[in-house]
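Each chain carries a letter (A, B, C, D, E and F) given by its place in the written order, and its residues are counted from 1.
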Amino acid sequence: MSGTVVRNIHRADAGAIEALGRQGVATVHEAQGRTGLMQAYMRPVWRGARIAGSAITALCHPGDNWMIHVACEVLKKGDILVVACSSENSDGGFGELLATSLKALGAKGVILDIGCRDAAEISEMKFPVWSRAISAKGTVKASIGSVNVPVVCAGVNVKPGDVIVADDDGVVVVDRKQASEIARLGAEREKKEAGSRARLQKGELGLDIYDMRKALADKGLKYIDGPLD
Amino acid sequence: MSGTVVRNIHRADAGAIEALGRQGVATVHEAQGRTGLMQAYMRPVWRGARIAGSAITALCHPGDNWMIHVACEVLKKGDILVVACSSENSDGGFGELLATSLKALGAKGVILDIGCRDAAEISEMKFPVWSRAISAKGTVKASIGSVNVPVVCAGVNVKPGDVIVADDDGVVVVDRKQASEIARLGAEREKKEAGSRARLQKGELGLDIYDMRKALADKGLKYIDGPLD
Amino acid sequence: MSGTVVRNIHRADAGAIEALGRQGVATVHEAQGRTGLMQAYMRPVWRGARIAGSAITALCHPGDNWMIHVACEVLKKGDILVVACSSENSDGGFGELLATSLKALGAKGVILDIGCRDAAEISEMKFPVWSRAISAKGTVKASIGSVNVPVVCAGVNVKPGDVIVADDDGVVVVDRKQASEIARLGAEREKKEAGSRARLQKGELGLDIYDMRKALADKGLKYIDGPLD
Amino acid sequence: MSGTVVRNIHRADAGAIEALGRQGVATVHEAQGRTGLMQAYMRPVWRGARIAGSAITALCHPGDNWMIHVACEVLKKGDILVVACSSENSDGGFGELLATSLKALGAKGVILDIGCRDAAEISEMKFPVWSRAISAKGTVKASIGSVNVPVVCAGVNVKPGDVIVADDDGVVVVDRKQASEIARLGAEREKKEAGSRARLQKGELGLDIYDMRKALADKGLKYIDGPLD
Amino acid sequence: MSGTVVRNIHRADAGAIEALGRQGVATVHEAQGRTGLMQAYMRPVWRGARIAGSAITALCHPGDNWMIHVACEVLKKGDILVVACSSENSDGGFGELLATSLKALGAKGVILDIGCRDAAEISEMKFPVWSRAISAKGTVKASIGSVNVPVVCAGVNVKPGDVIVADDDGVVVVDRKQASEIARLGAEREKKEAGSRARLQKGELGLDIYDMRKALADKGLKYIDGPLD
Amino acid sequence: MSGTVVRNIHRADAGAIEALGRQGVATVHEAQGRTGLMQAYMRPVWRGARIAGSAITALCHPGDNWMIHVACEVLKKGDILVVACSSENSDGGFGELLATSLKALGAKGVILDIGCRDAAEISEMKFPVWSRAISAKGTVKASIGSVNVPVVCAGVNVKPGDVIVADDDGVVVVDRKQASEIARLGAEREKKEAGSRARLQKGELGLDIYDMRKALADKGLKYIDGPLD
């Protein structure tokens, strides 16, 4: 499907997106059974943002950012642009001008499996960007790719309309049709964690809170008084 | 010794620990003959902390953080938890709940040769963490490792009770029995550096302060007036 | 030319240096036809600086920073020290004492294809440093290299007197003799980008501003209405 | 779908599989528009094999090879086992005993986004294996994953039944339903390349065979007689 | 202990060394509870060797191979030289001349956490070398390190006299005092594996041989008939 | 100079090229003062070749091999094609068809700071290729670069006409004008090494042959009888 732009996509339930964004990457990733997490090299250009939105996907070629411009036209307010590349490449195919454009169009942020440039300006604009590198290396507009086709971005298969959640921990992808269910599971998890947190703050041990002692003994863990030296 | 927990360990002299913490990683590393430095991939989750304390060691398996919970029980106020892994792994086996627990137990910080998650929350808590990666990837509690055995963490052999010093430069390990001597040598070094600093600030050259000209000439260094082009 | 120090070099036009510094790495890199950019692993020790100056080059050996001291003597106010290494090495051959010296001597900053230590102190001093790593690993003064010879630093050939521009995006090198021309082209580019920026801010599409629709169609890009699922 | 095994899958046309295997990775990758190629870190354990078959997928967890055993039961003669991992991991979850089992069951080979051990024995057996690393690191059987679900392996989305082609160049994945069409395009490409090859062997230039001179001139390429020095 | 050479060391039982060498890296690593394996970047310069011997350790500095010469004097017939480096470095500090020397002195092989040069000549000599890289980069003889002190080599703590086992899978280290016990456990493991191998060759499944079905069901693994598409 | 092809270049003395080729990478690299060595990631596609020739340089863009075709026209019998890329890229821009062309034109080999495909076919043809990766990833012909301009290839500045020497150890570059002098120094070095080799083969120690004992003692190296445990 190289050379194809799909104009319209289904998006996930707005309430689910909002809930997932509040929960954040670590909770959502756990809630959906520890799947969907992009590789750890995806880092925020500036620390402190937490966003969620529907994925608009763009598949580019190395050193070529043409499809990002094409993607801008089909993007709607609240969407997140996800840029994949047909081979490993860190060139800076996204910078302040494209950030200006996306901000004006209402995008919540950008996920780049390529490089980002104009890091200082983008940090000042507070436009949320996650990328595999910061690089000023310019790109051409010579090869066509696709927009709104499934792409593999930083190790995860992303379909247009899937929910993207991103924060200082990285980026996680939630299947569009499961967004509400994952949001529900995430909320449950948060509630359970709040209970654990309160007990941990008082100095109780995880060993007791999570009832681990028997399982450890069954596995053969042995205690020695020590010191050994 | 897989599957062993040593409850009690010897700790280094409290005064030495405090002195080493003030001196910081670069000075301590030099003071002990440029040894004991963990590999440069160990980075603070947030910048600005400088800590020192006695090492409690935990040896985990890839994608498994069970032993961190076990280590919490033997950790004492002022200790630093050092987490090694039996193979290269960046999964996020340490997050905000464990940070909450360790903080409540009085730990000064954590050194992770695995990944850290909940980076935003941990930065806000100002709980000091150094790790090889930031990753939300969750871990299981399925395989037992050991606590308070010698481990290799980021390229350095760490014995329980060794002194850990960590700051924005990375992490250095000091043998428990040599802690006082290294602290003394570090203090000497600081004094000497203060003298050099004052002279450098006035614009004197290192060539003269450190008396390098003859050695350079002996090695055959030649000067050309130039310009050559 | 190992073992050679060239005392005097030609420097670029001061006005050109100043202009290039204002334009920043991404603009300058584009202005000179997307050449001269150092590899993306070169990162600032602290974020927010933007500098430009004439390159003083030092070629060191792995684990050895002797030539940095030698370079200090030939450096003039406003210069930038560029440190290359004869093989890949991340040891911390540059720290707070050398930063103190260079600051006193009027250097604008340092570009290190080796490691930097004392990251906290250097950040506090606000002395601009770009490096391939942060590492406290100390270095020796045992092998002579050269000063003010052409070096390859982070993938770019740097001749003494070339203009170095560095900011949060990385480091770019401009040939001394082309500095004024590149500064002129950079200014043109900035002007053109200001026009695009104003239109993008209003929500116009790059597709229209840059007149891309015909070229995309010629390449065979196809649009589908969708949604496909 | 963690924890799910799909027993039966559709497989691609046997003739198409055979044709794709003869064409090899580079040709097939081009024939399908330069898509589907796994990342270049996937290397054969021994050089010289070229295989094609239907993908049986297994999704494992780091340091855990349990699902490979589960996959053996659903694998049929001629299939290729594709092992993905829920996070980046190079542990040696596949060795000579599993190779013996797969060979006995008629598998054509294995694609591992984890490590392979017993490299000497597997090379001697001539059982084809591609992996991201060679590592003796043993694995546990503690966490369940899935078999015959879509997985991302070395950067490519692989669905059960897709055609895997692997040789010294790496590994490429062909959508099951497109296998015959890609095989046809690959054959066309081979024919065309045979013609080019004959002309190149006689010393004709690609510039002429592929008629590039005008396009290069249009792009602005300039010739200088030289020498310049 | 920088700057120290220990002339004499204890060596492991010769029978144990011989047995461990026959068993090979993967078996020995498993026999000692999956510990002691060097990182996977350690690769043989040529494929096909399998050796075991007592470790003579040398701690060098980056770009400096002086201590290898020092180690030659204390090495005895049958020993294996283990070279660690005080920081990450791939320079070619070992080549054909040193290989000639070591071969003449009766060394069984060399383990280098630095680079190896003269790869062609060393392969022709059939002198076994494992290294982190092949590199012609020459080294100096300027800084003293130590010989026969404990070192961390490729992530494993190696004490002089420990048994080194190396083959195409990598390098594993066995504590000298446990060598006989590990050899015994390795032999048991081999015996057990021989039984499994015979059954696997007949097409029996690991699921049955290792009796995994109940454990998988207990963990919640579900089977679906499929196909799903 | 992007978009420039220099048709004619000066070449080094044929006798010097031949001598350097016989000496090989490690000797030549030492003979010219340990400079000019490409980074260690440059590996031969097949082991066993040793070549030397004059460099024809091509500067390509990521994912684009157009300039290789352009370079073919200016290449003469005995030359070696050196391909650099304007940013880090491993796509397979060179394969069996280009190898066929270069072989027909009399090229001695190719040095690629990009990827190589058709590894099996090229190995069978015995056409010498060094590359940063093996990758089947196809490339486009969309952006013009330059031919016979100075390029940085794998960390070394290569000028057209410089001598390239390549073997299993990697690739080294010799300045054209210094080729004869370096060949002479290499011959001297070989003679000297032959003497050392003969003594080492008899079991003499490098410590004595190279007269190191006093220098080691002066540096403070201490001997302890041991064993220490």
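By definition in this document, contacts are C-beta pairs under 8 Å (C-beta built on N, C-alpha and C of every residue); 3 or more make two chains touch, one makes a residue touch a chain.
This structure is a prediction, so every number in the text was calculated from the model and none was measured.
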For subunit F, the least number of touch steps when starting out from subunit C: 1
Touching subunit C and subunit D alike: which chains? A, B, E, F
Which whole number of Å gives the spacing of the CA centres of subunit A and subunit D? 28
Whole-Å separation of chain centres (CA-atom averages), subunit A against subunit E: 39
Between subunit D and subunit F, the Cα-mean centres are separated in Å by 30
Where subunit C touches two or more other chains, by residue: 34, 37, 40, 86-88, 90, 135, 137, 143
What chain pairs are in touch here? A-B, A-C, A-D, A-F, B-C, B-D, B-E, C-E, C-F, D-E, D-F, E-F
In their shared complex, at which residues does subunit A touch subunit B? 24-26, 29-30, 34, 37, 40, 43, 47-48, 50, 167-170, 172, 193, 196-197, 200-203, 205-207, 210, 212, 215-216, 219-229
Subunit D-facing residues of subunit B, complex: 61-64, 86-91, 135, 137, 140, 142-143
Subunit D residues touching subunit E - in the complex, by the definition given at the top: 3-10, 66, 69-70, 72-73, 90, 92, 95, 97-98, 100-101, 104-105, 115, 117-120, 123, 133-138, 141, 143-144, 148, 159, 161
Subunit F contact footprint on subunit C (complex, rising order): 2, 33-35, 37, 39-40, 86-88, 150, 152, 155-157
